[in-house]
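The structure under discussion appears below in the form of structure tokens.
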Amino acid sequence: MSNVPEPEPAHEPAQPSTDDEDRGPLERWTRGVIEDSEKRSRLYRALFYVVTIFFLVTTLFPFYWLLVLALTPNGLIQQGNWAVSLPAVGEVPFPAPQGFNPAAFLEVFQQVPFHLYVFNSFVLATMTTLIVLVLASLAGYVFGRLEFPGRGLMMLAVLAISYFPPAAFLIPLFDAFLGNAVTLPFLGIELFTPPRLVNTPGSMIMPMSALFLPLAIFILTTFYSQIPDGLEDAARVEGTTRLGALVRVIMPLSAPGVATAAVLTFISVYNEYFFSSIMALQNEPDQWSPLVGGILSYQTQYTTDFNLMAAASIVGVLPMLILVVFAQEKIVSGLTDGALKE
Amino acid sequence: VYGGESSSDGAVVWGFDPNAAEAVGDDIVSLVQESGADGVDIELQPGDEDTGARRETYTNLLEAGETQPDLFLMDSGWVNVFIQRGHIANLSEELDESELSTVEDEYFERFTATTRDPGNGDLYGIPMFPDYPTMQYRKDYAREAGYGESDFEEWATEPMTWAEWAEVTQEIVEASDAEYGLATQWDQYEGTACCTWNEVMSSFGGAYFGGRDNVLGPVGDRPVTVDEPEFIEGLRMMRTFVADEADDHTLEDEYPLSLATSDITSWTEEDARTAILNGDAAMQRNWPYAINLNVADADDPLPVEDYGAMPIPYGVPEEEAAQPGTGGTTAALGGWHLVLNPNSERKEEALEVIRATMTDEFNLGMFDLWGWVPPKPALFDADEVQQADPMGNYMDTLRVAGENAMPRPVTPVWTNQSSLIAEEVNLAVAGDKAPDQAAADLQSGLEDIEEQG
Amino acid sequence: MSTEDQTSGPVRESRRSGPAVAITRWIENLGETAFAYLLLSPIIVLLSVVALYPLLRTFELSLYQNVLTDPEFVGFGNYVELLTGEANSRFPGSTTFLPSVSVDGTFPFVHFGGLLRSALAVTIIFTAVSVFFETLIGFGQALVLDQDFRGRRWVRTAIIIPWAIPIVIQGMMFFLMFHPTAGFLTDPLADWGIVQANNTLNDPASSLLIISVADIWKTSAFMALLILAGLQSIDRSLYDVAKVAGASKWQQFKLITFPLVLPTLGIAVLFRTIAAMRIYGLIDSVSNCSTVPSLSCMVVSTFNTNRGLASAVAFVTAGVIGIAVMGVIYQQYKEGF
Amino acid sequence: MARVTLDNVTKRYEDVVAVDDMNLEIEDGEFVTLVGPSGCGKSTTMETIAGLTKPTEGTIRIGDADVTTLPPKDRGVAMVFQNIALFPHMDVYDNISFGLRLRKYNEEEIDQRVDRAAEIVQLEGMLDRMPDELSGGQQQRVAIARAIVREPAVFLMDEPLANLDAKLRVHMRTELQRLHKQLDTTIIYVTHDQAEAMTMSDRIAVINNGRLQQIAPPLECYNEPANLFVAGFIGSPSMNFVEGELTANGLTTEHFDIAFDPADLEGASIGDTVTMGVRPEDIYRTDAAQSLPTASAPIDATTDVLEPMGDEIFVYLSLDDGGAGATMTSEQAASAANQLLMSVDPDAAIDEDDDVSVVLDRSKIHLFDAASGEALVHGLDELTTGPATGAESAESAGSAGSAGGQRE
Amino acid sequence: MARVTLDNVTKRYEDVVAVDDMNLEIEDGEFVTLVGPSGCGKSTTMETIAGLTKPTEGTIRIGDADVTTLPPKDRGVAMVFQNIALFPHMDVYDNISFGLRLRKYNEEEIDQRVDRAAEIVQLEGMLDRMPDELSGGQQQRVAIARAIVREPAVFLMDEPLANLDAKLRVHMRTELQRLHKQLDTTIIYVTHDQAEAMTMSDRIAVINNGRLQQIAPPLECYNEPANLFVAGFIGSPSMNFVEGELTANGLTTEHFDIAFDPADLEGASIGDTVTMGVRPEDIYRTDAAQSLPTASAPIDATTDVLEPMGDEIFVYLSLDDGGAGATMTSEQAASAANQLLMSVDPDAAIDEDDDVSVVLDRSKIHLFDAASGEALVHGLDELTTGPATGAESAESAGSAGSAGGQRE
């Protein structure tokens, strides 16, 4: 039908013309892939699975290694022979369980009251996450959606806090949390005497909130700034305040970002031990020492019980695993399903 | 949720050694109670196995004014720092005159000194046990090489030179199932600097700071004597033990190659202990607790007949030592004291525990239980000690070790120095650095630290 | 007159009286700037108390020599010692990392003597390597997770879970993998010449490599999580437009996905860079500070012996990080930050 | 070849059938407009053609190739999206040049084409604005420009002019038509603007509930709607519908009769219920209809409400005295049995609540089967005015007033 | 009281003045439509009233209160946004009930109101869909429902019906008008649909370039446009404009003259350039205009293109023989000096390329000052056909053919 000469110099430019001779099988295959969408999508899928499996293997292998260690009686570990003989290939260094000693897991529980540590970790992480989310949401809204003088500077200041090694905060905070008077730096003027906070959640939550706040602020700033103004406008006309719009519209719409900030904060706190090990003076569960404190004290007390260490580590990871399995389903993939319209 | 400050209501909490607490904790508590502190609840709280880490934890605790633990077991190497900071209770004020004089009269004063304020001599801790390492070995393997009880008896008290020892060990390895000869601790950590290397170095007539008299100072006014032939010689010997092949820095003519596993450069005490227990190593340099554990409390202990001990071999006799007060067999002096938390809310009970630990009964009981060498010379010859099972069998060796103990160079700058020493010595023995280069670098590094105080 | 007002039943907010309403109204009427600062005030308070105050104190501390035993005001003495290399001997790992390339004395005041040079070099190498690979791998993982496929939930869990591992456990894993007794990886890797066969975890280069790999293993998940969130908030209809306009998968990625996740990616890289430059815990649990002396290592290892110096190092570290991330910040700033 | 063919295309969402067994054949170079009520499946049809949605069933061909599984980028179509969907991170220039850059046109060519497109949509000088700095209409114009720069074989345009003012819309229509001619492209177009559909299209496809109702040239849809739905949908205000019964004399409704010979009527027989339809402009006041050769018998009515529109006035006629509520409007009037909507000249002297007599243009009366809605006949002028057996059958249809008459 | 008053409101973006010194007084209960070309500032004006944008200058009052700084939620306004802006994370029910839930209405009341609103916009049964599962028109209806459930004092509606089909649009118009009456609310409305503007509004505000051009009842805007812009903007197709010179005998243009006495004309004197405007429906074929009492002198022309629209046909008349390109359309015809656009009955017997003679309805001829664009007069029938001094001044304007004449 289109015998009409093309009116414009270029419609869509044609695919580079291909001369068919002298092509090897690989080239033919390549061309087949380029031209045949069916083949191409099969290739994509194959590639996709290869990549996925690669990621799975690399991330999971260390856990497998822990499991092997935990199940192998310590005596066998110390002989350190991990070679596995494969037909044709010969000896391959690969850890396979030698012997089977699940008792290690029980033993670990006899030594460390994991349930108490896990409880502490959850309380600390939940409270910190809540505080961080609330504060970071406010800041994210301010930085992401408002224009005001000093904005860049404030963001820089918040960011700069995270430049410092945590140790830089430690001594004055520790002093203050011991109940010593807080004095104005350089001037020596005594301001007030705080209550003794060591061994309480407060002494851990406060510094950890400050520590993890900058990341959350930056994440939320990015996400909040991307919500179209129109939606906030609509909410405000419907009768919300600016903060109401934040809570009802902007936050739910930035849910992937909020969830990510929450997950990152929660995990970070759960795994934090610098502050908690110092503020919980003896890493005892009744001093609100988190799980890491428990595992750590375990590790440092029995340095050659490799199987027990591994078992303790696995036990320490389990709550997180469970949380990630269930929470991510609720938080992250719930959102994905909403966003993914295919 | 956690209403009360403490979970162990009413108990005296005692910061303790984790290995002992795990293995014989209950027995120790009963022993204390039977030794006079009956009616006192005692809870042993295990600390870090690494002495440095335990010190930091205790520093934080005491600085924070925590009331618990009420009692601490403190390494003789760092009690002094706590005394300086005023972190621990002055027992001269807490104890009766008679009790104080007991300490003065009955204890090894050289060891007790490490728990006194150097200024006024006040007592801050009760010595629990001095610690001297020995060379422990598998008699069963040695027998396979043709050695017998007479040899063992001689070895128990007569130190060998490293060359003799290496030859013997080599023979044993070749004749037995052992994979290698020597297991010891040689990681980059305090234990290498204060102890294992200190012993080898001293036995070659070397010293960090120009001899025994300068060990405790004065910082900055003592020579650094590291880049010296005897120092390098010792390093080369250790390198030779570890090396697979001869090279410019090994002394393969004098010592066998591969006598030790190269793994020792990542090892600490427990690695070494398990290596001999497993039967991989023929010999192991370690503290007395390892004897007790390996022949009594381990899961699969060795019989006493198969486990021997000897003083650490030496490089040069005392007379030939380049640095004053060194040479001959040398055992790094370790040991632990019991100190009192000044903030304790159970001071009375705690003092009762302290008093109980001062009894001979306790000292002997601990020797029996866990191999804590009694801190009182009189007890060394006591029948109970000689008959203690299994530790009594090793008393002779321990005495030799004790007589040749070398104190640790603990000064305010020691922490910095020890990590530097451990690093250089570790690298030299691992073959990552030439021994003379390591010595030279260490020399300048230590000089810097000395200068800056 | 409003019909809304006439309806019974509902309580209109504006009708309710009381201070809450008055405050709401007052807040709502604030100008943009005042409103911004009002919302920021709780953060400002929190950060002043638990961040600003301690930092100032620490800075004060850094002007003293060794506060514990004999506090003596030395002004910027600690900094000078640090920069001139005089303080080198107080730190671990002063002589081991990298063959000593002497640049001493090339600058009038600052001597990049052994220590600062190794710490800087270690920190920068570690940061560059780990952040680069984490970004790459994290992006890949995020793209995988953004797909819809059976078992996505489990793959996602698997990919995230390393991030949920406490550093002490992570360190333990890798420590054990290369432990001469318990580990199994040293020999094969040494055969390939990747790590040193003996004393692996006391060898600077091998340890740095292992620590980097350990960090990449764990922290790619952080990148993946953030990037995934960015991916998911992209308006899907833009892809429709792009598809119809003729964009191939790659072009969609390049022209839509990438620019739209760029802000998130920027944040991820920024924070990873900062965190990587403060690396300490992993070093401590896999190897040690003498072998892999990072900047934070220097802080921690002097902490109990010389707090003045430790504080000074902390500030120098912050300065170094500030300089290092300037590029990223500038990028973000241009994006409208 | 850019013929677009849909064969039995069905698109089902969980519980909704958006497109239902659609068969559509659009010739190369044709301009087809899809019209239909909101939610009837126009956009979905477009999406299946573009390849953005895989049809649940059926095949789609562009030219001779089956493209059902081909990705959008290989189909050679450009689309203006109903929701506009500009790339928020690109300025106007980058948005417009997007497709060209993808195809690696050289810079000059791109510049030139973008300039031309921007000129067509009258956005010169806004090329460096970001989308959020544009008004709604400006955004829509960017979307149009983005599609037209590509000059592809098939254009899909989903309500591209909805947000433009009348003048600009007229301008854009012209431009689109010129483009259509110049490039000889196939254009599939969705609009709710009847004038647009009428003036621009070669054919109009009327869709309802996902089903194609009629596809025909605009005037055919207007004058010969295939069924009740099309008749009611095309034309604004809507056609008047009155239900009645087919008698021997023609059609009998509640208020009036129309005389014709039902025997001439295929597909319906006496006694059937049929619906009569007549457009407002085909109702005349009896006095103004002298010139009308095909007038029906006069019907008495009362004027209810007048709605002046500028160029015409809508008059709501009430057929019974009860009258309708004052608020009844065209929409209701069209379907209410006792109401007729008539449009008259703006100059006409007509008042509210007047008694008037009106006639219908018989040649413009449509009859539909009330049950199936299918059209029976368009224009009664070809039918005889009475039963074929009657003597009056010879009577000319031209004699106004005689054909049927008022009933009360 | 929900009077809405804008006093000297100006809104400036960096380099764009979106609203320029706008003064607007909208009475309580009034229905005012804002019209104007794309980008003229309608949406921005709405936003300032809603409180979403702070005006750069000026004050806004609702009722008696100055609300310039009041937050949107306290202004008692509801708004339908041009870009629809549904909350994507809420289903239809939640979207509609959003404002009610904020105000803590009880569940029952909410349910009831949502149901009613859903019924009005014909979305019953879709309440649990998510926005992305709706068609464009359905989304827009949700947006309308969201605004109307609240029943506030002031409604702002920015092209609320743009994506709806003609029928639904008519329905929605009716509903909005009923709501307007029932609730007695003030409605400010933006539309590009002239019919909508005409039928619904009490007054129309015509805006151009951010400036208010005219605010008046619809027919006034149509019949007595204040200036050239309004005249050209209102009415579709657009008014024909021909530029000419004012002479002693009336208006002289390139192709024809219109006779009147310029002395009667205020604001212009002989020699001035004026623009004459006449709408397509006010041009008649001479033979069909016998009944027209106010016809001008006949003008000879050639028909160019015919554009059948169903209910009318647009005829492009060429005044000179050169003719225009075949593709010239209403838009160009309106402004081209040698073209006139005429609309005729669909039944009219007219062909392309016919020679025809046409007359203009003098009573519908508008004159504008060509320089300022201001209207001079609407309808020349009140003016005498010649200079006042001439004897012919007594001549009745009713005599067709005598007033002015064709010029070649």
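To keep things simple, chains are lettered A, B, C, D and E as they appear, and every chain counts its residues starting from 1.
One rule holds in what follows: contacts are C-beta pairs under 8 Å (C-beta built on N, C-alpha and C of every residue); 3 or more make two chains touch, one makes a residue touch a chain.
Protein names from UniProt, one per chain: A = Carbohydrate ABC transporter membrane protein 2 (CUT1 family); C = Carbohydrate ABC transporter membrane protein 1 (CUT1 family); D, E = ABC-type D-xylose/L-arabinose transporter.
Please read these numbers as outputs of a predicted model, since none were measured by experiment.
Taking each chain's centre as the mean of its C-alpha atoms, the one that lies farthest from the centre of chain D is B. When C-beta pairs in contact are tallied for every pair of chains, the largest tally goes to A-C.
Centrality by Cα centroid goes to chain A. With centres taken as mean Cα positions, chain E sits 99 Å from chain B. Spacing of chain A relative to chain C, judged by their CA centroids, is 12 angstrom. In terms of their C-alpha centroids, the spacing between chain A and chain D amounts to 56 Å.
Each chain gets a centre from the mean of its Cα atoms; for chain C and chain E, those two points are 60 Å apart.
Under the contact definition stated at the top, the residues of chain A that touch 2 or more other chains are 12, 78, 228, 239, 241-242, 253, 341. Shown for chain B are the residues in touch with two or more other chains, namely 271, 275.
Counting only residues that touch two or more partner chains, chain E has 71, 73, 83, 102-103, 150. Every residue of chain A that touches chain E in the complex is listed here, in rising order: 228, 230-231, 233-242, 244, 248-249, 252-253, 255, 338, 341. Residues 68-69, 86-96, 179-181, 196, 198-203, 288-291, 301, 304-305 of chain C touch chain B in their complex. Considering their complex, residues 47, 50-52, 71-73, 77-79, 81, 83, 85-89, 98-99, 102-103, 130, 132, 146, 150, 156 of chain E touch chain A.
Contacts from chain E toward chain D in the complex involve residues 13, 16, 35-39, 42-44, 82-83, 133-138, 140-141, 158-159, 162-171, 173-174, 177-178, 181, 192-195, 198-199, 218-219, 222, 232-238, 279, 281, 307-311, 327, 329-332, 343, 346.
Residue ranges on chain C touching chain E, taken from their complex, read 1-5, 7, 9-14, 25, 28-29.
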